[in-house]
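In the two assemblies presented below, chain A is common to both, partnered first by chain B and then by chain C.
Let's turn to the complex of A and B:
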């Protein structure tokens, strides 16, 4: 147990760990590390773990809508959520949106990262910085832009009509499509960065070896580059999924009041009816979905790395 | 052969143009729209004006919110730095038990849904029977930005050779002296980059603050959010453009002047 965690720790801190190995076993070294970590661990325990613990506790108090007796403590909210169509619909919609976002983001970001790697000057220069600009500008401004673009009489509708795709303006806002479009745009730079980093680590001599053995560009891609870059794709998918399931501003504005997802359901539950118990329950469900996927995908990545 | 290559690069360029239009388009639309003389969206570009930016003077609630956001951002970035810099030092210099788990724990605010973080802080304040206050807002922003400080600092420290610090130790400098006289000056760029980046991440954040704002402490994103619920017009586009310009300036400073790569 101890040995395996030590191995894990040293694997994570590989670049610097090697240089500082001398201090690893000394109690003095660990004591100092403990001192450096203590403020952060105390701070996070008080203002992250404790609040989340209270949230978990509150999720077992009964929501006012359930009219349970005072002092009730149990899974009533969870039972209610899992038996109520509206809640189930919202959970399924959330996961469906996330699935579409992950698929489209990977489909768009892989070729982009590939081009960055192929034309190395692009990847090393400001091109990626410019591409990642929306993640710095923040989702609010970006969603404002989508609201202007996708409005009923807005530019996108005029282009669609000019192209003859539709004859009269269609309603794009207040649809799941609008949420998916905005989230793909928002998550794309994160995914491109991850896949680009993975592609950059594919060693050039492996591709050269395949070339010298007569493999065509397509075969080189399919049998060498793609398999070696798959961990990067998977980690891009993890990041995209967790950004999508956590997103609030895009569904709040582009989905309208009718296309609720789990995050907007939490805000409705608190700001609409100040039902902290039910909001806590939804938050716990959201965390379970989000962390399960992230942890499962991460352990798949670790297993993959261990095999190689 | 050469024809195929040029065909391939033409395709690559066309793809990149489409991707850049898609990714940068929405923010560009906001900036262009902020100069439009039309009074509400959707609208064609009717004429050019700076007038919407001047309108900001007539909206004291936006200026108040801007002031609150700057305060929150500065406090969060400061607290995040004071707590986060030692974490980065520990992670870069020492191996210890459960290092992987501790790292994951410290980075957790990055992957947890921000709306849940904000709600959890509301639950803590409610349990303590405190009203939603400025303090709660600042604390949850600090929790959220600390991992960015750690990351910026780590990207600086991994390039730093320990031999300098060891030399100082052999000359009799104690841990505090080594930190103040050696580590701090060498990693100044990382500290500044971490602070600015943490400030930006707090400044643009909305979901963390959603349940914690009070009439006297409303952040700029929350003010914009409330305005956008009733109308979408060039004025709000102007407000958004100003935040975008501030953020571009900050990140340009980090990448080009401090030369700290935060994104790669």
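Let's turn to the complex of A and C:
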């Protein structure tokens, strides 16, 4: 970091005492500034904390599946879920799909972002826009496209048979692979944009310094670029995981209705059998898994930042 | 200071303007509409909504000086909404199959209708009032077997054909929690030597199938019919007739061992503040002219005995001879076992389909 850059960064992150005091004694004191948070806090309380609280409460009511006396309030639904094979299978399937989606998305998005960054002046902005099309079109359009492509009688199977890879159609739809493929495509632009931003912040003179010290391109990538862009990779992984675990349309349409994941199970339970208690229990379990993984990833991100 | 005053007065004026405009916007409808009453109709979108708007709304709004507003969505979502809102629900008329009505009757969600306000009820078939005065059936549809006319050389004619080697892995079935799944389980149990009170053979029978698609609505399996992934689908007659009109290569058979009759039902939530007007709407839906128009447009069988359908429409609706070969299930009994049945399907059948 150059001296001038360091000074600038220092000025931004820690304002000088005089400037800070002036800001504190100005028209907007901290108390007034906090008032500005009220609308957002009220909104979050009303539309996030309150519904989550109600969902948590409902999860402790007895599901009609269980023979419990009227007025029961306890953890019976959780005990039932943890001891019933199909629920465990669905939880494991959800996490397995998410893991594959994160792995493949990062594997595909890193080189893409790297190339976009490398050739930023040659119109990679347009390429990013094209890549972002699934975000603009929305998951339903993406999934309907895959339904046509991956059908037994669809183009993908036709190509596979034409190439002699298989003699009869492979059942791709109604498989976890179909869900993973669609989710990877949907989450890819989110990850590419994150990693692209991280790569953009890697200062060029550090790479030049490594080059001048004789580091090969691979060593420059491995020891300079990759470590410095890791925060972007981790935040891309967090976003990808969050999108994958909360996805509904891809599992519902491409899983054939038989490959249930937690989101589709919640929907089926509440819309089909009107079992609010069990649906709430599954929703809470989903939230716990989701938060645990996201917090773990964030903690890794923080530790990485602290080491730097 | 002067700047502050200006800013403050500007903010005050602005706030007063916003409040005034907001109050005006809320007050406007009552001023403009005067005595016009609003009736909220909770129904499916698509053909049903279009039929109401085409065949009922214009005359009804004029005759009753009322305005119809629509709450559109899937049956499960709409039913859960009025359940959650309970006494605060603004829905006046609820469209559904008969399945959630038994649940709503049991949990005190729906009101008994005053037959005196619905004179057309006197002309209904005996079977058209399954819910003992808690609303009324305005249409009848049949759940049977649809097949791809180009790919299925030997069309299915009975429920047992679903287990045929050439069909069992090319099937689209109702979703696990679909309202017709309990009926399908009961029929499967009977085919496997069980009954409505002995469902275990049905679970074993269903486990032998390998469905390509489970869905709530025909649009979910229609692309797979086109691609040849699905050859046979268990679904409603009127959906398939609509698909034929849209050019799909599909036909529908009423199984010789009887298709499953399903009501298109109208109920009035207890929370409705317009019960009299809602009953007038039910009466309008039972009008022979309206029922005939709905049948012509959507192929839903009429419940009013006075309706005489044209032969071309009659042959494609639950009407006439088809009424002799359909089966009504005990909705009350199914409602009480519904959650248990869904759980059995989830834990015993789904693992074999995944």
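The working rule: the second predicted complex is superposed on the first by the 278 of 308 C-alpha atoms of A that agree within 3 Å, B and C clash if a C-alpha of one lies under 4 Å from a C-alpha of the other, contacts with A are read in each partner's own complex, and residues count from 1 in each chain.
By our rule, a contact is a pair of C-beta atoms (placed from the backbone, for glycine too) under 8 Å apart; a residue touches a chain by one contact, two chains touch by 3 or more.
Source: prediction; values computed, not measured.
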**Asked** Overlaying on chain A: chain B and chain C, fit or clash?
**Response** clash
**Request:** Determine, under the contact definition given at the top, whether A:50 touches first (chain B), second (chain C), both, or neither.
**Result:** first
**Message:** A:147 in the overlay: touching chain B, chain C, both, or neither? Say first, second, both or neither.
**Reply:** both
**Message:** Going by the contact rule set out at the top, does A:260 touch chain B (first), chain C (second), both, or neither?
**Reply:** second
**Message:** For A:84, using the defined touch cut-off, is the partner it touches chain B, chain C, both, or neither? Pick first, second, both or neither.
**Reply:** second
**Message:** Of the two partners chain B and chain C, which one touches more residues belonging to chain A?
**Reply:** B
**Asked** Is A:174 in contact with chain B, with chain C, with both, or with neither (first, second, both, neither)?
**Response** second
**Request:** Go through the superposed model and pick first if A:201 touches only chain B, second if only chain C, both, or neither.
**Result:** neither
**Request:** May I ask you to decide whether A:268 touches chain B, chain C, both, or neither, giving the answer as first, second, both or neither?
**Result:** second
**Prompt:** Can A:65 be said to touch chain B (first), chain C (second), both, or neither?
**Reply:** second
**Prompt:** Should A:32 be classified as contacting the first partner (chain B), the second (chain C), both, or neither?
**Reply:** first
**Asked** For the superposed three-chain model, which listed region of chain B (21-29, 129-137 or 183-191) is the one that clashes with chain C?
**Response** 129-137
**Message:** Per the definitions at the top, what is the overlap between the chain A residues touching chain B and those touching chain C?
**Reply:** 144, 147-148, 151-154, 253, 270-271, 276
**Asked** Which part of chain A faces chain C closely enough to touch in the complex?
**Response** 63-65, 84-86, 89, 144, 147-148, 151-154, 173-174, 253, 256-260, 268-276
**Complete:** Per the touch rule above, chain A residues touching chain B in the complex are 2, 5-6, 8-13, 15-17, 19-21, 23-24, 29-30, 32-37, 39-41, 43-44, 47-48, 50-52, 54-55, 58, 108, 111-112, 115, 118-119, 122, 128-134, 136-149, 151-155, 182, 185, 188-189, 193, 197, 242, 245-246, 248-249, 252-253, 263, 266-267, 270-271, 276, 279-280, 283, 286-287, 290, 294
**Message:** Which residues of chain C touch chain A once you look at their complex with the stated criterion?
**Reply:** 74, 76-77, 79-80, 83, 100, 103, 175-178, 211-215, 220, 223-224, 227-229, 338-340, 342-343, 346-347, 350-351, 353-354
**Asked** Okay, in this complex, where on chain B does chain A touch?
**Response** 9, 12, 15-16, 19-20, 22-30, 33, 41-42, 79, 82-84, 86-87, 89-103, 105-106, 108-109, 111-117, 119-124, 126-127, 139-140, 142-143, 146, 157-158, 161-162, 175, 200, 204-207, 210-211, 221, 224-225, 228, 232, 236-237, 240-241, 243-244, 247-248, 251, 255, 263-264
